[in-house]
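Two complexes come next, and they have one chain in common, subunit A, joined by subunit B in the first and subunit C in the second.
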Partner chain A sequence: MHISMKHNKTTGFDAFNSILMIVLAIIAIFPLYYVVLISFADYSSVQKQLIYILPTSFNTEAYKLVFNEKLFFNAFLVSVFITVVGTVVSMTFSTAASYALSKKFVPGQKLMFTLILIPMFFSGGLIPYYLTIKNLGLIDKIWVLILPGAVNSFYLILMKNFFEDLPASIEESAKIDGANDLYILYRIVLPTSAPVIATISLFYAVDRWNEYYGALLFISNRNLYPLQLVLREAVLDFSQIMASTIGAQIAQSNRATYTQGLQMAIIVISTIPIFCVYPFLQKHFTKGIMFGAIKE
Partner chain B sequence: MKNLKKTAVFLLAVAMIFSVLAGCGTQQENNAPETTSAASTQNTSTVAEDPLKDHMEISLAMWGIGEALVEGVQDAVRDQLFQKLNITIKPVNVTWDDYTQKIQVWAASSQLPNMFAIDSIGTQNYKNWIEQGIVHVLPDDLSPYPEVQKMMNGNGMDIYKYPMGDENGKFYAIPRLNHFSVDDWSTDNGMQVRKDWMENVGITKEPENMDEFIELMKAFVEKDPDQNGKKDTIGLTCYNADWLTWFMSAYEPGMLGGINWVKDPENSGQWIPAFMTKNALEGLKAIKKLYDAGGLDKDFATLKSEEGRNKYAANKAGAYAHDVTPSTLSYVAQQFEKNNPDKKYKDVVTVLKPFKNVNDGQYYRLIANPAWSETYINAKTDDKKIDRILRLFDYVLGEEGYNLIHFGIEGTDWKKDGDKIVLTPKKDASGNEIPVSTTYPFTKCGFIAEWSGTRQWTNPSTEPELQKMSSDLNDWLQANAKPIPTDLRVPLLDVPDKDKATAKFQDIVIKCVLSNDVEKTWNDLVKEYRANGYDKLIEEINAKCAELGIQ
Partner chain C sequence: MNSAAVTGKMMNKAPKKNKSLWDKILKYKYFYLMFLPAFLLYLLFTYVPMYGIQLAFKDLNFAKGIMGSPWTSMHGMKHFYDLLSNSEFIKAFRNTLVISLQRIIIEFPIPIILALLINEIRKSRLKRIVQTVFTFPHFLSWVVVTGIFFNLLGDSGVLNETIVALGGEKIHLLTQASTFRTLLYGTDIWKEAGWGTIIYLAAISGINTELYEAAIVDGAKRFQLTRYITWPAIVSVIGVMLVISLSNIMNAGFDQIFNMYNPAVYDKADIIDTFIYRRTFITGLDFASSTAIGLFKSVINFIMLYAGNVIVRKTTGKGIY
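Then we have the complex of A and B:
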């Protein structure tokens, strides 16, 4: 009797829990479903129906427009370039720096680490940053989206902590066998550091793919706009960002026409690459947050 | 080790002090060009006799100019303009969402192009740029540039002098006209209504007050005006909630088109923002009544971009609050005729006259400053280049240049028929007209000197009957309606707390209409805005008005 009563209570809670989770899942998935739905919908069908929830039309015109329009295609290629090349550059510098900083015997290690830590909390400001970039000759160059942000201090610290936790014995035995530091790093340490490499690479890749602020400030050449900047331009509601109603009206009527379908298509194309990568690397992503958090 | 630490800390402290000093150094350099500006205004008379002799490259930052000036692309309009003035324009592209930020950063880091467009007048940037000598003053003598001179001497242009109200004030920017005069804004706020739907619901008289309007909108909701057998229509929709200001002319005219400054009838004529008057509350209550009666789109608070326009064009709504300029009427017509290939928009639409004001029985019409945004010249630009820039503006403000950068090449893309321009667009293999911007990308920045509103009633690319509809309404408004009771100089006055003027009609109308008690919500909003800076701002504005004799 007691056991069956306990079993009924649990079932009731489970049912409520399941329903709640299903509702929350629908709420989370519905916007995505709606975006994809509208991106493939016929313009007139969407306008004529009061609510468009079920796909009553199919039209790939928005996608054709996106891929045929030079601006979007360029932006897609730029985003792919800065993601791939940027991640490689970032990982090269981050790995080398974090490995070096993980060695206590490196002269000035503490000072260098402090100097890296300070900019995490304090920044020189926008104008000095702009002038620095300008003096480096990076204005309106694609490398401005890769080099200034090549090393993220937080990710550096994560990797440093991971390298510090590696058993010293592996490196010592390699040193005894005559290996130098570079050899140890690339042949011994990195192969054993696959989890952190995968995680930090994913972090960098996501950061690069979502990059738009650097482009907004430093890029005027439309051929170098990344996809996120084009997306921002396409979906922005000017009445929210401009103080003047007249200004917002002028802005809206003088920019290219982005129908709802086109906006949705750009959103889908901007998010697909990340969607493809995330399921495979998700476990590394969640593990990676905890790197260095617990010292053994 | 300890010594090493101390040395490191000392070096860090020194580095921080030097970086602060470096920032101070930049300000002193910025002060230098001011003296050059004064000298430059006196030097304009020494410009060479053949002003177009030397080829010049002029850099220009303007919205979307990167699309209009693309290297390697053939563009006869661009070539003709450049040849005429012996210039090359180097585009420095900015977009609508980043232009303010970019220009501010460039101004602070001395990276500005020769000229740039931005809506800065009346802001702290405007004052700082002038006082720090970042932007160049325009020559006192504009006679070599008659079209520019005519524009600068036009109706309402005094507000662009700095300091405002000073007889000896100078122009530091070339205003980018949206209209030639403050009065030409009359149709920039209006109401389009489906007259065929009115016939279908049996109400053929155009509404003349809010109660009649509500009845009409209710009929649009309940009586199947599109005759499709379904109850799927709404009454009024809008471009966004900002455009509901159209109703305010009947209650608080100072809120027509936005939040203007008006004399408070309850407080000895003190200048206050219009949303704080009791009349404004009455207007908000009226809109709430429309909403509660079901006559207003339930989504009015969240409409953005073209949602409202699309609903109206797709036969989902019977009335549309936006402007009734020829270009908007034409754009709606395009969308409408895509959804209704068997109908012409000009046959089914009417544009309403405003309602009489409930307090004084007058009609009111919108007025506003003639220009939105300005073109500034970098203070480091030399006199010859300034002269060329002004000649560029003079040319494109004149008829020949305007026609070139808007319609293309005479004889190829358009021809003159007496006084009128008749477009002769090229067609593609399928017989569709090729837009002039496809053939000549430079026409995408046809707004290089002025916006499209200036010649809206003679623009040959607008549907003639819709153009006449807008023009007729304008004529009626000029004859029968008073301008809204405001002084256009007041929002531009230079007072310390001007940046506190953050109230937007959209926010106020949404909060009030969606609340259960409009009066309480309005009172709370007014209290909140007053506490967040408006009290001080009102004091400063009134003091400044008294100083400048603004009655």
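Then we have the complex of A and C:
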């Protein structure tokens, strides 16, 4: 904060605080570093060394095995599909709904707002939800991974708050020209809302990418498993993965299985997309959250 | 603002037009159209299941469906009576409460402290790097985080390698009931503490900088700036976050525990949600009594939301509604 510039001396506290923050950042990064390290490690080197903590060997065997595994590759495609389609569906519905909610002069706005607020604090619970999905015929359909989570009350409120703060003047001039509210939303309001659009898109995309629970409950066809569910099996129950084709591959390659290396390779691959998008959007979402959260 | 008040205001402004409510609804028809798709999704996936809650008071008959199933004995309260004599449920209930409260005591203050410290960093580049690093793990799923820490803390992970190298005995953190909760809190802090700072940093960034400047002119020390300007600005945010935590008291972090726990630690880690999951999908017991547990949970959460809001409103003058 530029205020503290006024207190110009670097005090003992500043030095202490900087060191503390750097140490904490290193602690925070270490688990991630260790994942990458193990995913590229050579099994025999790991076994030889007392503590394997520096990249003293390099082996891409684990990645080759993972990429050659049909189950995994398929799951990757499923995750990409639900992330892309899911985010588009979510954003289409959410921008429209939150824009409508931001118009307090519309009769019934308060009722609409209450309708999206209630689910934040009360729900039917797991069993009625499960039975509802079943009755809708969504079991084992890919849409079950997209539609139920397509609108999120928390994100709607963030966007609504953002839209409320937009200067009314932009909309008014378009209205005088006779444009309808849909046109105004998509042609005038959205193009000026990049920070909040980027932020909420990232949130929805990450939610879809990290999806596993809906799939665990509702998907039994292994061809429709998303990445996180396959990963979950690989982490919690490695024998399940060994029973599939990857086991045969390992047997063929005639090497000792390095379970951990494989698990970490899957984790790296499933984390890379988030890692790539995150730095570009981070600036936006801090801003976007501030727009939304500051209000109240 | 209710619609009558809106109409009233409009009439005052333009008494000649005298628009009816229906005219206004027609005028704003596009806004209703915009809300419609989201509304339908809420209806299907949130409100229809709420209607299914009545199952908690019924004996499910699959052939007749939820609606046609008969009410249970004891005026429909049978499932609730049964639960109170189910020792496994009592254990899960106790674990849920203890874990939630310990999370509030141990985990809740950390983002606040972290935000205040981050705010004090003078070098803006370091500040940005630190924030980027702390926030990132929030975007990883619990499946991934579980994988990461099982690798790190497992029998052949770097922790045990180090312990053995130093001549110690391996510790089985992942399957050891006595330390399992510590593992839960530690990994949750790793994943969420950085993310939690954002809301506080947002509140701090909303403070008028003139306040600080005036205080510095008056000779305020840095600690005093934090104590008398920054702190009051985030107290109401802390209150709101506390109410939200209290309203989740019966949740206790299902996503995390569901991925990390195992039979060896059920005694300390089995919570209501994991109990419901196993009961319904693994051991395949009665759907109806699991619905009753879900309802029990929701009601307590709701009471805590209300009570928490009253308390926070009394102390900080601002609640969440």
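The rule we apply is simple: the second predicted complex is superposed on the first by the 247 of 296 C-alpha atoms of A that agree within 3 Å, B and C clash if a C-alpha of one lies under 4 Å from a C-alpha of the other, contacts with A are read in each partner's own complex, and residues count from 1 in each chain.
Definition applied: a contact is a pair of C-beta atoms (placed from the backbone, for glycine too) under 8 Å apart; a residue touches a chain by one contact, two chains touch by 3 or more.
Given the structure is predicted, the values throughout are model-derived calculations rather than measurements.
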| item | value |
| --- | --- |
| Per-residue touch tally on subunit A - higher for subunit B or for subunit C | C |
| Partner chain(s) touched by A:220 [first = subunit B, second = subunit C, both, neither] | first |
| Partner chain(s) touched by A:236 [first = subunit B, second = subunit C, both, neither] | both |
| Touched partner set for A:44, first subunit B, second subunit C, both or neither | first |
| Contacts of A:134 with subunit B and subunit C, given as first, second, both or neither | first |
| Touching partner for A:124 - first (subunit B), second (subunit C), both, neither | both |
| Subunit B versus subunit C as contact partner of A:14, first or second or both or neither | second |
| Touching partner for A:177 - first (subunit B), second (subunit C), both, neither | neither |
| On subunit A, positions contacted by subunit B and by subunit C | 50, 124, 126-128, 130-131, 217, 232, 236, 260 |
| Complex contacts: residues of subunit C adjacent to subunit A | 1-3, 6-7, 21, 24-25, 28, 30-35, 37-39, 41-42, 44-46, 48-53, 55, 66, 117-123, 126, 129-137, 139-141, 143-144, 146-152, 154, 156, 158, 161-162, 164-165, 190, 194, 198-199, 201-206, 209, 212-213, 216, 222, 225, 240, 247, 255, 258-259, 273, 276-277, 280-281, 287-288, 290-291, 293-295, 297-298, 301-302, 305 |
| Subunit A residues within the subunit B interface of the complex | 43-44, 47-48, 50, 111, 114, 124, 126-128, 130-131, 134, 216-217, 220-222, 232-233, 236-241, 244-255, 258-260 |
| Interfacial residue positions of subunit A with respect to subunit C in the complex | 1-7, 10-11, 13-14, 17-18, 20-22, 24-25, 28-29, 31-32, 34-35, 38, 50-53, 92-94, 96-97, 99-101, 103-110, 112, 115-116, 118-119, 121-133, 136, 147-148, 150-151, 156, 180-182, 185, 206, 209-210, 212-213, 217, 228-229, 231-232, 234-236, 260, 263-264, 266-267, 270-271, 274-275, 278-279, 282, 286, 289-290, 293-294, 296 |
| Subunit B residues touching subunit A - in the complex, by the definition given at the top | 4, 8, 19, 23, 61, 63-64, 66-67, 92-98, 101-102, 105, 108-109, 111, 119, 178, 188, 232, 239-240, 242, 257-258, 304-307, 310-311, 313-316, 323, 327, 331, 338-339, 368, 372-373, 447, 451, 505-506 |
